[in-house]
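Take a look at these structures.
Paired with chain B in one complex and with chain C in the other, chain A is shared by the two complexes that follow.
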Partner chain A sequence: MSGGIFGVALRRIGVSLPLIFLVSVLVFVVLRLIPSDPIAMSVPPNATRDEIEALRKEMGLTLPIYEQFGIWFGKVISGEFGRSIAFAQPVARLIGQSLPATIELVLLAAIFATIIGLSGGLLMYRLSGGRGEAATDFASTLIMSIPEFLWAIFFILLFGVALNILPFTGRLDANITVDKITGFLLIDTLIQGRFGAFGNALAHMLLPAMALAFGTAPLLMRVLRSSLMEVGNEDYMTMARLRGFPERQILVRHAFKNAFLPTLNLMGVQFSFLFGGTLLVEVIYSYPGLGSLMVQAVANTDLPVIQGVSLVYAVAVLLINLGVDLVALILNPKLRIAK
Partner chain B sequence: MTDLHDFSRRGFIGAAGAGLAATALPNLALAQAKDSLVMAWAVDPPTWDPIIRTNPGIQSIYKMVFDQPVTQSPDLKVIPAVVKAWKVSDDGKTVDLEFRDDVLWHDGKKMTAADFRYTYFERKEKGHKSDLASVFRNLTDVKVESDTKCTMILSQPMPTVIQWMAFLANFIVPKHYMEEVGPEKFAEKPIGTGPYKLISYERNSRIVLEAFDKYWGPKPTIKKITILIMKDPSARVAAIQSGQADWVPEVPIREVERLGKVAGLKAEILPITRVVLLQIRSDRAFADQNVRLAAHHAIDKVALSRALYGGKAVPLSVVATPGTPGFVEGFTFPYDPKKAQELLAKSGFSPEKPVQVGMASFNGVFPGDYDLARAIAQMWKRVGIEAKIEVIEQPKYFELNRGNQLPEATLYSWDNATGDPEMFAGYLLNPKLPFSAWKDPKVGDRIVKLFSVVNYEERIKGYKEANVFAAQEGAVMPLLQSVMTFVYKSGLKTVNYGNGWNLPQYWSWS
Partner chain C sequence: MSRRELTAGAVGAAAKERRKWNLRPWRRAIVGGVIIAIVALAAIFAPVLAPYDPNETDLLAQLQPPVWAGGSWEHPLGTDNLGRDTLSRLIYGSRVAMIVAVAAALGALVLGTALALVAGYFGGLIDWFVSRLVELWLCFPPVVLSLILIVGFGVGLRNVILAIILVDWTRFCRVVRSEVLIVRRHDYIDAARLAGFTHWRTIRREVLPAVAPLVLTILSLEMGIAVIVEAILSFVGMSVESTIPAWGVMIADARKEMYQAVWGLVLPILAIIITVLGFNLLGDGLRRALDPKLRQRAIH
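Coming up: the complex of A and B.
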């Protein structure tokens, strides 16, 4: 069996397709088994019971579950995600409006998590065995034990209210509007040469991105430190020390390169969790992304939107993991060789 | 194109690099111009087609952009809007309307009776699904006599036809524009005849409005409004404290008391036309009238108001709020735990041998909901009623009600901006409508009959009697008139509406 990068990518995609199908079946069935009535929530107060039943029939909610799934999935394959019950709009449009904001936020959070996680891991390794070890252990445990939505509220109180140095609602200040080109605000502002608006958008992303990053970084720190400690006693490390190289150079040029791979694999898993973490963080920061849309849809039992967004989440998780696997292949040639 | 206005200090620092230290400079809240306003709002409009959904939370926002045929004064009287006069026939089947001739759409075209016909009748005929079409299901035609006159033809009398025109989803939309672009494009870039034009909208984020200089009514003093959608109450509190918003609603009661003492802020707790009540089943443990009446007598509503609403929520004995037509002055269902125990004893129950009932409650849907449920359960326990509380979500409430599976009591909150008793007791106690948990015809039939009474005085008299009867039968347990809370900058002069409408077109900065 050959192991080229392209081959691996194809194999991963091949495995992903049935996984996506399975996820959509699971979400679809679970939603229909939950006792809730999405139609009654979306009709006027003087609607009669007969009208509500007629609407349920019209929307196909009285059909057997497998028939409903077949109709829905058939439309999904042709790019039709259905129509939101609560918003009376195509689901694809709602997702298209919200997704860029979440992708931007998750990317920034991933960058922060990477910076904090890797530098924190290196620092923890450098200080291990010394007096600083307890402090770094405590700090990483503290960050890890507080859930990201609580960090989100702490940051609002500290940076938004007490110090009043950072904004904490929406994507831009109230007095700034930006023409939408791609939906990615950082890109749109640069395309239009609106550098002030770019900075403003970045400022609005800082707190939610940091809250998300704090949920991910501590684990990266700990795994990297453990990996560094494992490779620290390898022969090539001893040789490098004997040859008189500075410890910092040994750490970065030799130890880190070899210790990074387990951390990279963990990053794939953790970054896919970042998408899920946006649900609460976006609501707290009034950030108009996929998380806010999903929370609103769940509150309204808006089945088409919940199904559509769940599918997007599943695809995002699989794509992130695929990307990380490919990066691992590029960095480690040994993984490309057939067994 | 570079906008020099964007080169604020904060923006430049943010652009200077990803380093956090570079952005850690004082974030000065922009000095609020006297002709603009930043509001926080807890609910996002589901759509900008205002006739699609009946959602009380966005009524005020729609009223900034669109006009209703008629409207309400702050004390809830129905008053003319774009319809300046109306006449309902004695049989209630025709409604003559006369419109103003100076109403313009935001694109400058004139609004006419044809737009009304299009909104209320033609869209329904074209198959455009909307809650408005469902409300006016008995409307068979709208005959347009001129640009300013038309007549609605109904297959059955609709006694609250005028009240409904000031209620949910009743907004006039432009025929010419909607036929040109279609309903979906209209919802993306809507136009109305209201005092503000929609400039930009980002779902779950913000709405920007600018005053319409050709508005037919009083021109707003506040020219620009930014509405920040903030669903989290703690974020709204933080926004008003940090100065990022000028006005925030639905703040937790404890926060209202605290923020009211902050210099530069004002806090209000306003009773509105929203009833908190226990919806009652007519069977199971509550089939016994003694048990029902005992449960009602055991509830100390004054104590509930004091404990959970700062004493501002008015105790109720009927399903109507003070000042509304269905309210019955002088009628009280008294708090009497001794009487409650006597009634229970007649049916063989006591604190030592309690009757078991179920109670459904939301948690976090309306202020103090779960705390109310627990407090009521404690009050019941003292007299001999053991309540098992089940927390449910709103979608589950509808599902349970539809399947007639709600427990004996369900704690619910009911909004009615019109104040009309049909929208209170009518919808809550009519067994033919989906919100009624009560199915017994003794009360239900009285309510159903009132849906056909066209004469206003007769109808109101009927509802007052029905309200008293329902309470005395134990068919419903009204608890409190709910409140709305606001915190805002003290320089802002607002106008309070008894139904909780917040209309900045009538506000100003002092």
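Coming up: the complex of A and C.
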């Protein structure tokens, strides 16, 4: 057990750092393929050829691409992502404003997805083998065919327009303002003791978080069911049944504990996809997070913002995977000894 | 249960079933296949089937509801905010969806499977390199990476297909590689080598057929994913040119008129869901029908 959990965490971070470097290289190179000239977007139409050349030199676009990358990456390391062309603001500030909103939303969605996925998986396992199996199979395939952004629109139509019981634009009602402390509305409102505003913020997050959870949960359900089925034939399960434990207790105490690990591994991948899924869901709910920022930047070809936000996404995905790996390590002692 | 017992039992069960020529395991795949065939026919015969030109505007008939919601048979599924016929746009929209689904999924299959075969078969440095490449790709949420690629390449059908290929090849590569690693250990691979087969011939004649059912299954699922990704990209205006009708564009247009014309929003959504459901049923059904391990479990 060399170093245990701490050692594994360090090793994972050691692997992640070169990956982040390569990610930034990849993004930089892809964005330089862009068919239009970045200079053309930032000069007035009546600029002369000499003025354009001067600006090109000033912006460093005459340098070879690896030198351009070196300059950009050096600044990124010191926390400077450059200035947005369309918003005329530092990229770091734009990201700082929108990241907490997205993290809040993703965490809530992950909680919902876990609840729906795990309870759904257990339910599907209980129903399997019986007459309900074909029906649940078809239902889960149908639900799996609906991506989160279509859930988002459905929920707006159902709960927002038809029933009119939940809000579906922005983070708060227009007449409520919350002083910014951490940027996380759910935390800020609680610190200030404003429970009405807290409820309002939560109500705004409910539909987008549910849409994200519904896009993520079905796969968790399926994987949990199939690993439960694999575990179901093990000897210790038969023993437990022979000892006369109630089926519900066997399911939760014996089967679930061992069947959970493959689902947990999948959760790492799924939750990083969920982070990307916020992109469209945020746009649909006019939710001012990282995804909305990215889509606006893409529409405006705002390269500094696209580069910065992409890097944040990559770091987030690596952190999620690290977190899931650590949880797996805590839950499964075998992994600890094997290393 | 050991692997060998499993395989032996499965071979027996498969032989028994072949004698009966049982359609039951194929039911799911058939339902999926029929759905896809209908969508494909709509795409191929769009000019014949569509009652109107999909871009023909009729400013006197804007936002008409479908027949069952009080509309007229002139526009059976209603019209959008420019008076364009929804049915015709849905039919023509299936063209983009199907072209992207087939081309992007096949491209991802070729790229991903080729890398997986080479990496899994030879192992060593090549395997290390391919695995790190996959890891690098998995750092991005797929939607984010496809958006970055489209910004780099520019919009248009060909670039959308290329972007999806370059994002989703990892799906094939990951799964097929681990399957190749298992197949590689079997004696018949060594036997082929001892019989004097070249590496290339061993891969083509022995390894590829062994992983083919798996590849086929992922192909079908990937086609569904490609339909969704294309819809996402066209929803944010980063897919095909604006003159080509696509389901994602229809959703984006109809969203502005959500309160007046709900069906304009619901119908393209249903079109996407039904198509993706078709591909998923097909893929899932193929997996069940072709994978002897699963079939055995179903028999138990």
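By our rule, the second predicted complex is superposed on the first by the 310 of 339 C-alpha atoms of A that agree within 3 Å, B and C clash if a C-alpha of one lies under 4 Å from a C-alpha of the other, contacts with A are read in each partner's own complex, and residues count from 1 in each chain.
By definition in this document, contacts are C-beta pairs under 8 Å (C-beta built on N, C-alpha and C of every residue); 3 or more make two chains touch, one makes a residue touch a chain.
Quick caveat, the model's predicted, so the values are computed rather than measured.
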| item | value |
| --- | --- |
| Combined model on chain A: chain C and chain B, fit or clash | clash |
| Chain B versus chain C as contact partner of A:52, first or second or both or neither | first |
| Chain B versus chain C as contact partner of A:283, first or second or both or neither | both |
| Touched chain A residues, chain B compared with chain C | B |
| Touched partner set for A:33, first chain B, second chain C, both or neither | second |
| Chain B versus chain C as contact partner of A:249, first or second or both or neither | neither |
| Contacts of A:150 with chain B and chain C, given as first, second, both or neither | second |
| Chain B versus chain C as contact partner of A:301, first or second or both or neither | both |
| Touched partner set for A:310, first chain B, second chain C, both or neither | second |
| Which superposed partner A:165 touches (first chain B, second chain C, both, neither) | first |
| Contacts of A:198 with chain B and chain C, given as first, second, both or neither | first |
| Offending stretch of chain C which, after superposing on A, collides with chain B (from 97-105, 205-213 or 241-249) | 241-249 |
| Chain A residues contacted in one complex by chain B, in the other by chain C | 34-35, 153, 156-157, 161, 283-284, 295, 299, 301 |
| Contact set on chain A toward chain C in their complex | 19-20, 22-23, 26-27, 30-35, 141-142, 144-147, 149-150, 153-154, 156-157, 161, 229, 269, 272-273, 275-277, 279-280, 283-284, 294-295, 298-299, 301, 306, 310, 313-314, 317-318 |
| Contact footprint of chain A on chain C as seen in their complex | 135-136, 138-144, 147-154, 224, 228, 231-232, 235-238, 251, 255, 258-259, 262, 265-266, 269, 272-273, 276-277, 280-281, 284, 297 |
| In the complex with chain A, residue positions of chain B that touch it | 1-3, 5-8, 10-16, 18, 20, 23-27, 29-30, 38, 40, 44, 46-47, 49, 52-54, 129, 131-132, 134-135, 137, 168-169, 184, 187, 199-200, 202-206, 208, 226, 228-232, 234-235, 238-239, 241-244, 393-396, 398-402, 423, 427, 432-435 |
| Chain A - residues contacting chain B, complex | 34-38, 40-49, 51-52, 86-89, 94, 97-98, 111, 153, 156-157, 160-161, 163-171, 173-177, 192-203, 206, 282-289, 292-293, 295-296, 299-301 |
